[in-house]
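In the two complexes below, chain A is the common chain; its partner is chain B in one and chain C in the other.
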Partner chain A sequence: MMTLPEEEFAEVAADVGHGRVPSRTRVVAGRFFATGQGRLGFALLALMFLLAFAGPLLYPWSYTEMDFSAFMQPPSPAHWFGTLQTGSDVFAVTMRGAQKSLIVGLLVAVVSTGVAAAVGSVAGYFLGWTDRTLMWVADLLLVLPAFLILAIMSPLLAGGRWLLFVIMLALFLWMVTSKIVRGMTKAIKEREYVKAARFMGVPPAKIIYRHVIPNLASLLVVDATLNVSAAILTETTLSYFGFGIQPPDVSLGGLIADGSRTALYAPWTFWFAAGGLVVTILAVNLVGDSLRDALDPGGRGSA
Partner chain B sequence: MTTGTATGTATGTAPVLEVRDLEVRFGDVPVVRGVGYTVEPGEVLGVVGESGAGKSVASLAVMGLLPRHAKVSGSVLLHGRELLGAPEKELAAVRGDTMSMIFQDPLSALTPVYRVGDQLAEAVRVHQRVSRERAAERAVELLDLVGIPNPRQRARAFPHEFSGGMRQRAMIAMAIANDPDVIICDEPTTALDVTIQAQVLEVLKSARRETGAAIVLITHDLGVVAGIADRVLVMYAGRGVEAGTVRDVYHRSRMPYTIGLLGSVPRLDAGRDVPLVPIDGSPPSAAALPPGCPFEPRCPMAIPACARAEPPLAEVAPGHSAACVRSGEIGEPRPVPPEDVPTAAAGAYPGVPPPRPREGRAVVLEVDGLVKHHPLTKGAVFRRRVGTVHAVDGVSFDIREGETLGLVGESGCGKTTALMEILELARPERGRVVVFGRDTAALTPHDRLAVRRHLQVVFQDPLASLDPRMTVHDIVGEPLVTHGYTDTGPRVRRLLRLVGLEPAHAARYPQDFSGGQRQRIAVARALALEPKLIVLDEPVSALDVSIQAGVINLLAGLADRLGLSYLFVAHDLAVVRHIAHRVAVMYLGRIAEIGGADQVYGAPMHPYTQALLSAVPIPDPDKERRRRRILLDGDLPSPADPPSGCRFRTRCPKFKVLTDAQRVRCVEEEPAVRPLEGDHGASCHYAEKLGVV
Partner chain C sequence: MAGFLLRRLVNYAVLIAVATSLAYILAALALDPRSNYEGRSPRPPAAVIDAQLSLYNLNDHTPLIQRYLRWAGDVARGDLGRTWNGDRVDAELRRRLGVTARLILLGLVIGGVAGVLIGALAAVRQYGWFDRLSTVTAFLVLAIPTVVLANMLIIAAVWLNDHLGVQVFLVSGEETPGLEGGVGADVLDRVKHLALPTLSLAVGQIAVYSRYQRNMMLDVMDADFVRTAMAKGLRRRTALVKHALRTALIPAVTYFAFTFGSLLVGATITESVFGWHGMGEELVASIRSNDVNMVAAISCFAALAVLTASLASDVLQAVLDPRVRVG
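So, the complex of A and B:
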């Protein structure tokens, strides 16, 4: 077995022995946080999470409690965001709704984009029977009426089984993206760097994870960002029709739907929930944009 | 300021085309910065330079074919008539009539939906008042003139039915259709194989004879220019830096860039022990030119004065001008003072012991009767096989430890297919591939991974073979991670240093590097696991000449120092000459000739090798013009339907001179590679030696 000349290594080792390993994860993270946009988006999202989950712990009112001495009251020291017609505290229900919407929105987006990436790239990379089977499943789900199925399944979803709800929502969001991913994977598979990796002995699963998916990053990040809003809106629609998240539990979508009726003469019933939704989606978009730029080698980030 | 006019030879004839102080800007970026030349009737002016030197843009500006947003200034005189700023109608009357152009890519230059003959006839009828029948007749004559067989029949063919060489001939036919006075050829042979290139250059020469036109030949290939041009203009960073007769420029160069370019070109007549001299760095970008001489940062002879002001292209001898402040010092007989030439990295390494004889060394790769056929199928639902492409049809060779085998051949000969078959490490369709003594047919997945550790690959296009989304660190470290290393940082830094890159660049992405640097990254990745055998698929053909030399030297140096074996696949025989110990020439899926590089290049025995070698131009005008060229007829037959018996017989110059009795053997019996002298073998029934270089 031959070795690279040692004296050359010794000479080199003298001045390169320091510094962290500049792997992709580190470089991308560095570039993400180097932009003001990325930091702002991340901070906003973190703040929303903090408020939604830690806020109710420090607040005297719970979302199930009703103050029978204050119906439809504007914001006051006792009720920070005012109260609803039922006497529910707006801050408490908004935070509870934000918890649900954040989890549902982000999880659905991550799960559906993840499924789309996995299915599309596996189908496009292996082709043959794998491809035909996976695309057949995608086609089947595309022709099924998603709303109807969710409505039929709603009794199952009742009783706080929100995780099942997330999965059901995600199940009907991934198909179109997976088809795009499949097409792009077929093109990437023919690139020489994929061949180079194959001839290096990298197993197929790792090639997909390391070479195919990152090269689809722009598409996937945009898709995930769009899916967050799509999921929150779908959840809202479902809740409006009496499926999805049911009272006494609340979601931002439900609150906005209710608040829109009283928005004109009691703006606090509407604007706090709507503002929460806008801030959340804005933060997700900022994070998505910065992440896409950070992943893109063409961007002039500080590496 | 005399912004370089390459003055013509003092024959007194009026120039056909005179270009003065031509400048082209795209926005704020000056792409062409004062180019001037004159061409006289029947003269060939070679314009050479690397990519980005502005040679194509300058010629498009002369033709008035640049987009509207390009700002062009200066003067272009055709027969004394100013073309710059002339109305479009006037230009259209000139283009294709007195002045015509041949482009690099003949496929996009012909309209795919019209017959070739009709397109030619159209070119005639645009400028001449002749009947439709007469124009069609003229089209057939033109096709005949450029050597297309059965011109009457071929005139009715569509462009896609023509091969690349035939399309380029059709383009030449179109260019000479109206008996032009100037033909501008923009890289007319770059996309073609060498044997086809030789054919096309012959056609170009005969076109000049027929029409008496002046030719402006734009190319990066110094060999082509040496063979055909009368005068040369060397361009660098948008300017002419040296101009003169071809012998003056090649033998008495006065500009360090020209000297560097000539020193870095791989030559067919120089062996592995003659190292190439690369030019440091890479050409400057047009948007960020240095304040002084644009070549100063790369110039081995730079002095402080060079960085201050850009020297004009000034006459240094009658009919010879150069843009260099030291051109006077650069002596007549000796091109460069030896102390100024950077010593090359290849060749002599003092610590390396002389190699053991070939027989004593272990075989790292043995390929025996390798076959790969691609089925040709038809129909979407019920696929049926309608034929077979014999991509690789019984190829055998071996590579020993520390040895470089060059696998050469024209496009379509099956060299890349053979290489991919080897790299798959699977059971081949027929035949045997043995890597490090292990038959690939019997490898378990675990064994295969172990073999891959010692077998690495470098591809042609470094940008395509490096994942654009990975940092250089991750790219070079990938094989290490795959094979179980955990701490890759220090090792990657060492590897980068080994291939001549800054370790600090590991955090960058491939696109931040130039072509040559990217290929160095690919080499570093291939070296990461300390392999025994590296397969190189055209590793330098995507690079500019001055960059190419550095990579070739690096590869040759690494092979000598680290005892690597290479399987070096290339179409460029001159490059292979500089790196290979042994050479295998492929033709239509079979090996035509195999042997030591000195034997194969020095005394080739197969008629195909002889023709191939004779077609490669040598960048030396005297040698190049003395050589005898063996021209091959026609194109490579389709590998789906190879000729019976010897596959080369349809184009073989030897076959033509054989008696009928001798020919029977060529038609009926397929020749196998038979050893003729030591391990030098050729697959020809009537092989005999012939010096062609």
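So, the complex of A and C:
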């Protein structure tokens, strides 16, 4: 693996003719969109976002409305994805579920990666008792069955407190990454510029923020992306059993649970929600994988 | 070395104790076994409910700390307590553990073996058609959550049964109760029940293992010792199987131990969808039925399983990889 200065040197050398050095973001974005995989993932994800957030604005039915003249109707021009037993419009509820899954997934990923970065870098920088205590807490959370704890806490979520749900999900997702971050921080701490900063009297918090975290940026970006799909999967599974997003709000997991009971004679109640979930996960995984390749200095197609 | 192991075991014991206690306290605070009795009709008198709940150490009128101490004392003596309606928790757990073990073992073995083979084949012909096909398939499979996959399998099986007019796959439970016809029919019946849940577990495992094994194999194939093996006159096939595959198998074996441990409690969806009364299903059922002692016992077992599995994967790694043994 090339070190950071070497890699920058390589980029500079490659672009001497242009007179201007492209920023790291542009290089990464260029590599990301150079692959079919990256373009496909980005397009699918953008499509899901567009459908989930703009779709309901243009659509006559909302997810709370019920059409009492159409129960369990197959897809038609009036109801694009058909209707449920209650008369709810499948397109409207599926898009609402996709909205919830996307928001929950993104927020959980950001929070849990943030916690992983903070805990891991503090543990790896200070070592000693701080390290032992923090890593012991990480071990404890790894040992606790996350599904069971989240399910027990689910009554707290009634009344639309889904932000609490986000925090609880994030609480069980940061541990493994924090251990990787800790290991890398220990190595970065030994670099000359970090030592120099320490001897100049720069406070630890500033060193971590200025020197340690930026060095871990690639790892953290990829980790956050993969956490999005992990979070969406956990959320759907909990909601499938009724422990996640609570009614009257809807979630893809709950829709799939209800739909699976009627799927045999009313396929539209199951397949649209299931398909939406699969496409979302697929898109996030594709983006994550392409980002990892694009951020890897030694990877294929590097400048 | 002995000191290191001992310290590690003590740390594990502490982790399990703290995790189980936390789960007990959370469950005792959040769950409400009283409502199970109050919901009965005719509704029993309050005094009777209180006496019943106290007998099982579930009475929410007793201070939490007292309940916790009584529970912890019992658990330390090996008694996991009673469920909310008086069954022994440990007997129930043992029964369910058997069901889960029968469910996941075959799926994990098939998934592991098939995944390793596919991954190794893909690596040997990197960027060939098989490599591309397996990569794309693995990506698609990894995007299908178990919730969706298990239900898709059921829908497909019911459709197939209807069209063939024969019950090829049975989609609910472990066996048909009251089946007659001797051992042969019984085995066939069990296989029909087992096929779909096994498939739903194996498909995901194959995808994970094949990706993993492909990368491991690619790393190893460039290694000096494989080149040396071919230079001394071994055929490519022999060198790849005896030297490259063997070395590249180590992570897969350790991963297997880890997955087995976590799936003992983690096969919740597969068990619930296919109606197998195993550990994972009990986890959901115990929360729904406000069964505090059962929730605590399952947490304890889950912690034990995860730690044993991680210990087993470390030991396996040391046994299989000479480089670890020296250090």
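By definition in this document, the second predicted complex is superposed on the first by the 208 of 303 C-alpha atoms of A that agree within 3 Å, B and C clash if a C-alpha of one lies under 4 Å from a C-alpha of the other, contacts with A are read in each partner's own complex, and residues count from 1 in each chain.
Everything below uses one rule, namely that a residue touches a chain if its C-beta (ideal position, glycine included) is under 8 Å from a C-beta of that chain, and two chains touch if they have at least 3 such contacts.
Given the structure is predicted, the values throughout are model-derived calculations rather than measurements.
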| query | Does chain B (first) or chain C (second) touch A:Gly128, or do both, or does neither? | reply | neither
| Which holds for A:Arg191: it touches chain B only (first), chain C only (second), both, or neither? | first
| Touching A:Pro248, do we find chain B (first), chain C (second), both, or neither? | neither
| Looking at the overlay, does A:Arg24 come into contact with chain B only (first), chain C only (second), both, or neither? | first
| query | After lining up the shared chain so the two structures overlap, which partner does A:Pro77 touch, if you call chain B first and chain C second: first, second, both or neither? | reply | neither
| request: For A:Asn285, select first, second, both or neither according to whether it touches chain B, chain C, the two together, or no partner. | output: second
| chain B and chain C contact sites that coincide on chain A, given as residue numbers | none
| said: Please output the residues of chain B touching chain A within their complex, sorted ascending. | reply: 423, 448-449, 452-453, 455-457, 459-461, 464-474, 477-479, 482-483, 488-490, 492-494, 497-498, 503, 506-512, 522, 525, 527, 530, 532, 561-564
| Touching residues (chain side chain A, partner chain C) in the complex | 136, 139-140, 142-145, 147-149, 151-153, 155-156, 233, 236-237, 240-241, 243, 253, 256-257, 260, 263-264, 270, 274, 277-279, 281-282, 285-286, 289
| query | Contact residues on chain C for chain A in the complex? | reply | 15-16, 18-19, 22-23, 26-27, 30-31, 139-140, 142-148, 151-152, 154-155, 158-159, 265-266, 268-269, 272-273, 283-284, 287, 295, 298-299, 302-303, 306-307
| query | Which chain A residues qualify as touching chain B in the complex? | reply | 1-5, 8-9, 12-13, 16-17, 19-24, 27, 191-193, 195-197, 199-202, 206, 210-211, 214-215, 217, 295, 297-298, 303
